[in-house]
Amino acid sequence: MAPFVLYLSLALAILMIVGAIVVVVTKDLLVAVIASAVVDLVLAILFYILQAPDVAITQAAIGAGLTTAIFVVVLRKTERFEDD
Amino acid sequence: MSEAIKTFFSPSVLGPEIFYGSSVALFLIGLYMVLVKKNLVKIAIGLTFIESGVNLFLISIGYVWGKTAPILNKTLMMGTPSKEVVDPVPQALVLTAIVIGVAVTAMALSIVIVIHDKYGTLNISKIKELKW
Amino acid sequence: MVSPILLIAIPLFMAFSVPIWGLISKKLPKLVPFFTFAITTAILVSLLPTLFSGQQGFNLTSVTIAGIKPPYGINLTFGPASAFFALIIQLVALAASLYLFEYEPPEPAEKFYMLFILVVLGATGMVLTGDIFNMFVFLEITSISSYALTAINKTGHSAEAGFKYLLLGSLGSTLFLLGIALLYGSLRTLNMAQLSLYIHQGHLDPKVLMAVVVLFIVGLGVEAELLPLNGWVPDAYEAAPIPVVSILSGVVAKAGLYALARVLYTIIGIETGVLNLLLIFGILTLLSGELSALRQKDIRRLLAYSSIGQMGLIILALGGGNSPMAMVGGLFQAFNHAIAKGLMFLALGIMAAGFNKWDMESLAGVGKAKPYTTFLFTIGLLSTLGLPLFSGFWSKFLIIFGLVHSGQVVYAALALIGSVIEVVYFARLLGYLYGKDPSEELLNSTLESKKGFALLGMTFLAAFVILIGVYPDFITNFILGGTAELVYKSFYISSILGGI
Amino acid sequence: MMKLLYFIGCFSGGALLAFLLGSFSPLLKKFITFLAVILGAVLFATMGTSTYQLSLLFGNQVIFGIDTLTQFMVWMTLGIAFIVSLVLWSHSELSPTFFALFLLNVLGTVLIFMSRDIVSFFFSWELMSWTAFGMILSDGWEKKRSAAVKYFMWSAAGAYMVLIGFSILFAATSAIRFENIVMSVGRVSHGWLITAIAFLVAGFGVKAAMMPFHVWAPDAYSESPHPFTGFFSGILSKTGVYGIFIAFFYLAARLEAVPMLRVHGTSIFGYIMVWIGAITAFGASLIAVHQEYGKKLLAWSSVSQLGYIIFAFGIADSLGMTGALSHALAHALFKALLFTILAGVIMRTGTDHMASLGGLIKRMPLSFIFAVVGGLALAGIPMTIGFTSKWIIYEAGINGGYIFPTTLIFAASTAAFLYYYRFVYSIFLGPLHEEHQNVKEVPATYWISYILLAIPIFYFGLYPGKLVGIISTILQSYNLPALTTYTATSVTTPLGTFNGMVVGLGFGAALIVGLIVYFIGGRVRKAASQTDKYLAGEVVTNEFELHYSVDFYRFLERKLSWLLKISAQKFYEFIGELIRFVADINRKMFFCGNGQAYLYYMTIVLTILILSIWRIKP
Amino acid sequence: MIRRLFVLVLLIIIGYFLGTAMASIPFGAEKVDVGPYRSVGNYYVDNTVQETGGVNAVTSIVVLYRGFDTLGEVTVLFLAATGLAAILALTRERRKLKKEKPSLIMRVGTDYLFPAAIVLGSYVFLHGHLTPGGGFPGGVIIASGFLMLFLAQWRYKVDELGLKIIESLAGMTYVTIGLIGLFKLGTFLGNFLGKGTPGALLSAGIIPVIYIVIGIKVGSEMTGLLQNLRETTENE
């Protein structure tokens, strides 16, 4: 792993954590779902960086794609905003 | 100080920090959401984060510096491929784990829909008709 | 070509095929679970003789999958312990599937039957597998189908219970997966025999070992109904359909228990001091369960708490593993508890059939309205209380003797205090069931004669209870073999990996 | 081996048949029960003294054996069981379940006396316990719930104490057979031995209604089905007595290996038992005096009489042992007789509320006569077995120098007179109630059983040496001090000789003289009607509850109210309240209903485990 | 607030604990064999070509070495679809289809993207033993094609019975392949087809067959799952 890739992955990891924190903080569940999709996508890239292309594809398709779709559908069905 | 920064950014230290660190961080953020957030959807997202954290950790333990993905081309087939590629087993495990994760999420969300239907709320602390 | 793999392959095939049967006739899917389990039980029984050949008096066969020898491929281990738990699971499943004949499952029925087969399949896989990640996969099959079956009534209560179960279960299995990841990261293997060998040889960092112990106990404790992880139990037992409840207590909990025992005994090894943890968890679970049942009005919840208490007793017995006697008692109790609780829940289902009220007041006097069902229920109840002529007597006796023998007098005494509490609430329950006159509503509910097949299945379980209660040696050899398989790691390792 | 299986099969098969066929015909269930008991007795007679082994658990041999003590106890059991099965001919209303459970109960009781190892003993013990519970349950339950639950709870607690005691003995000696335990009991550390024996004696004490474990007994005895109560109180309590005998005198060899503080020639353990026995005897008879219901009265009297036995066991010399065992038989006989008579009265009148009864001597003279016989035995009047056993017990107390406990025992006997008088007077004497005008005498099965019970009562009263002879054979076979100086009619004790025949005949003569005087003088007396009373000039009507047996001993109650306030019941109620409180807290905390809280618990447990294993980490 | 602080304390403890446990596994280090046996990863990589004929080691592991896991995985996905359908079954009936026209872009785009998704998905699972990907992502890509259809045409409905039967048949085929292995070779899921030339499309024995089955099964399951979810959503 070249140092460049390492720094890139550091940046991605930070992005992922930030995305996760956005999910925690936001009251808008749609934003949360989108942010979690971002997290999953970044995760897929990290998988790719870790030399796991199979997993990366699966993560992108299932983790980021399918899961997000299900979440969005459920949000449409239930409610979009978190009430405290 | 600069020495410390240098060590921090040296690959051998940075690697585990990034990958182990971010997997633990994902795990903890997910756990925090599960424990603190009242909204069922958020809790479900928290569960996926926990799982993603574990998945990332699993992939990380299979990684070896400077090796390639476990897809064997002609040249690799000749020698001892295990010297050239990363450990494929965690990848296979994570494939399974991802699919299981989406299954659990789907199940959770379908129950969430029913709960919203019957209780009219997604606040977990209001959903306790069954108790004691 | 009878192989233990068929115990998994056939139910899987049948589960996938349910919609096809449904195309032929709407009635056909109803029969699928029964025929599946009849076939698997027959296969299991025909395989049992192979267990008791060989010099030690028992035998462990390792079945490879895809022709790759362990430790490189996944293998099934068919030893006394695995077979014993598989037998428990199959018996309960068989009786519950007979119950399905006259039972109107929540719509869509086909899906219900599929899930029903799959939960049993998952549990069977958990007890048969020799690979720890494969155990995780089967754990997930078991638990996901349990979530679905818990929530399948589609009422608010069932959804609530299902969600609670799902929360705990999925977090627990993720922790289990994390433990597996740590093990794999350190030892680069997933085969349980090899893990056991490596840990025994000291290849594992003690820090990681301890982390793994913690993660495994918490992860598997959800299914095994350990104290703070069992919040889902009463809710799920209250909200799920009755045949599912009997499966939850007789099959799912037992599979979780097996997984816990297998992981802690075989992989981790009892020399690491995990037994103390088991003792503490066991006694707390037992006392908490029994105390909670004390003032319960809803019979399903009462039985659920009692189930928790019984699981605590089994865990406690496993904690007394320094003395093989306690261990034997624990496995025996697992058998008795599965059979007796399965029986009680199924009987309860018929007692409240066409009536659907589950509190003691409404079911008071059911002994006069539905005498045979109540009689069967009483058999299960007396066996749970550990009274002679019923199988529960022997296991409780062995557990207490074993615990005292391994030096845990205080735990034994506390367990017996729990048992006294159990006597109180069960005696009270019997008072309600027999003492009063049945209400109009109860008399007008579904007659028990309309539930012939279900009664057949329950009679079959009750016959086991009494048969073993009168002559325990009917099954003790099996249990001794199972105990040996769990306790003597070298036997397990050498049977799977060949000579060390 | 086969004979034992036949014996077990006879009872269990009978139980099964009675259960299955009983619902078709009431005659069948009675007949099967009767036949099973007789057949069992015949089989037992052919078994002699021998040892049988059964392979039950892990191929281990479970031992059953018959020795002289077993024979004594088993004949007592089978005898009373026969009486009950005879009486049951008049009780078709009891369910088949009752008959089945009764046979199982008899089987369990007999097996207790026959078992020679821990496993079979505990098996039989639990069998006996739960079948008795089942019998209470099988007979309409609405108002008996608390009594039955209480009984079951206490007998479970007792059984579990026994289990703990046995398992400690097992853990210390690695033996399950009694003979092996006895052999290696010397090697057991003293602390464990005392713990084990304390658990055993306490556990058996529950069954023997020893204070403070007696609270279940009065309720359970009085609420059990009436024909069965005699067996319940007469025989089942003796299993506790037998257990104490086995544990204390056989397994632990009177704890003589343990150097303990010795008081009055017995160990401190025995001394405690003496006091417990005396207090039980005295306290229970005081309570019995104030009972309004016949069964309750007899139940408390049972507790009191069992106190005598514990008392005598505690003394543990030749007199004490003989007294205890002979009183065990005596109590079984006269209590079975009295309870059976009461069952007859209840069958005819439908109540055992003493204030609603009275004057039944006119309608049920036979019952009255045998009630007097039973009462004589209960009060320890010469000519009856009660005199023999009580006399020996008094002598044991005096001989051992237990001044205060013996005083209490004497006082208990006085109280026994009082309650017995109340019992007979309120039920049989005085004016007859109007609703009982048409009451008939008990059926033949009843009075036959009265006669059968009265024969040994008189026989052993007139020939005390016969009884003492049997008991001394038993005691000698267990290497215990025994009375060896006796002839058929007389027994010589360290304090002197008493001749049962002479005393009995003398008393009998006095009784006859008294009767003659009564009949001559009684002719002048005119019987008053039930309502022939006046209150402040008003005629008392039937609605007015002013019966002479209401508050029969009110004066005594006033004097002793301070004593009666001391109640073990209240203490247990407090404990129960506490447990319920803890239970609710536990329930509301761990099963609070909030899914997130469960996750919390999970995380907390994870953290606790982490923190606890950090300590272990190297 | 105290609750959150408490949670944070718990999390810090757990995090520290996990960190220390993980730190004992060196990141990126050479995977040496720990004990007397070869590390499974190394064994698989070195033997996959000879034993299975597949060049994608991950696929060989997923389908053959750990094929049993995959069977379980397929079952889990099947369970998710079944369970979801079971749980949402009744709530569905009360709902009415919502008549709202999606945008033109959506509709037109879908017309082109749907076939592309099907082809891509099929490609992914057909080449699972050669390139990254496989039955699961392939199946999901096919399902995503249907998802687009659902989004573009609100009335669009896949025949449920057909889906169900495809799903069943695919599952039964998978088990049957395993059973054929059992009867032919004596081991469940035994590779009873020829290994072929490593790297060719028709190679690696039963791997492509199984991946095709998985792809079809996952595709139909996920389509069914999305359809079930969609139908419950349309009342708002």
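When the chains are written out, they are named A, B, C, D and E in that same order, and each has its own residue count from 1.
Basically, a contact is a pair of C-beta atoms (placed from the backbone, for glycine too) under 8 Å apart; a residue touches a chain by one contact, two chains touch by 3 or more.
All values derive from a computational prediction rather than experimental measurement.
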Set of chains adjacent to subunit A and to subunit D:
B, E
Report the chain whose CA-based centre is farthest from the CA-based centre of subunit D.
A
Name the chain pair with more contacting C-beta pairs, choosing from A-E and B-D.
A-E
Taking each chain's centre as the average of its Cα atoms, which is closest to the average over all protein Cα atoms shown?
C
Averaging C-alpha coordinates per chain, one finds the centres of subunit B and subunit E separated by a number of Å equal to 17
Whole-Å gap separating subunit C and subunit E, where each centre is the average of the chain's CA atoms
30
Taking each chain's centre as the mean of its CA atoms, how far is subunit D from subunit E in angstrom?
71
Rounded Å distance, subunit C centre to subunit D centre (Cα mean):
42
Among the residues of subunit D, which are close enough to touch at least two other chains?
587, 591-593, 595-596, 599, 603-604, 606, 610
Subunit B residues touching 2+ other chains are 15, 19, 21, 27, 31-32, 34-35, 38, 43, 57, 60-63, 65, 69-71, 85, 87, 89-91, 93, 95-96, 98-100, 102-104, 106-107, 109-114, 127-132
Subunit E touches at least 2 other chains through residues 7, 10, 14, 17-18, 22, 25, 28, 31, 39-44, 56, 58, 65-66, 69, 72-73, 76, 79-80, 83-84, 87, 91, 132, 134, 136, 225, 229, 232
Inter-chain touch pairs (all)
A-B, A-E, B-C, B-D, B-E, C-D, C-E, D-E
Which stretch or stretches of subunit E touch subunit D in the complex?
7, 10, 13-14, 17
Could you please specify the touching residues of subunit C with respect to subunit B in the complex?
133, 137, 140, 144, 147-148, 151, 154-157, 159-164, 166-167, 170-171, 174, 177-178, 180-181, 184-185, 188, 190, 234-235, 238-239, 292
In the complex with subunit B, residue positions of subunit A that touch it
1, 3, 6, 9-10, 13, 16-17, 20-21, 23-24, 29, 32-33, 36, 39-40, 43, 46-47, 50-55, 58-59, 62-63, 66-67, 70-71, 74-75, 77-79, 82-84
Under the touch definition given earlier, write down the residues of subunit E that touch subunit C in their complex.
17-18, 20-22, 24-25, 31, 33-44, 51, 64-69, 71-73, 75-76, 78-80, 82-87, 89-91, 164-165, 167-169, 171-172, 174-176, 178-179, 181-183, 185-191
The answer for subunit B against subunit C in the complex is residues 27, 34, 40, 43, 47, 50-51, 54, 57-58, 61, 87, 89-90, 93, 96-97, 100, 103-104, 107-108, 110-112, 114-115, 118-119, 127-132
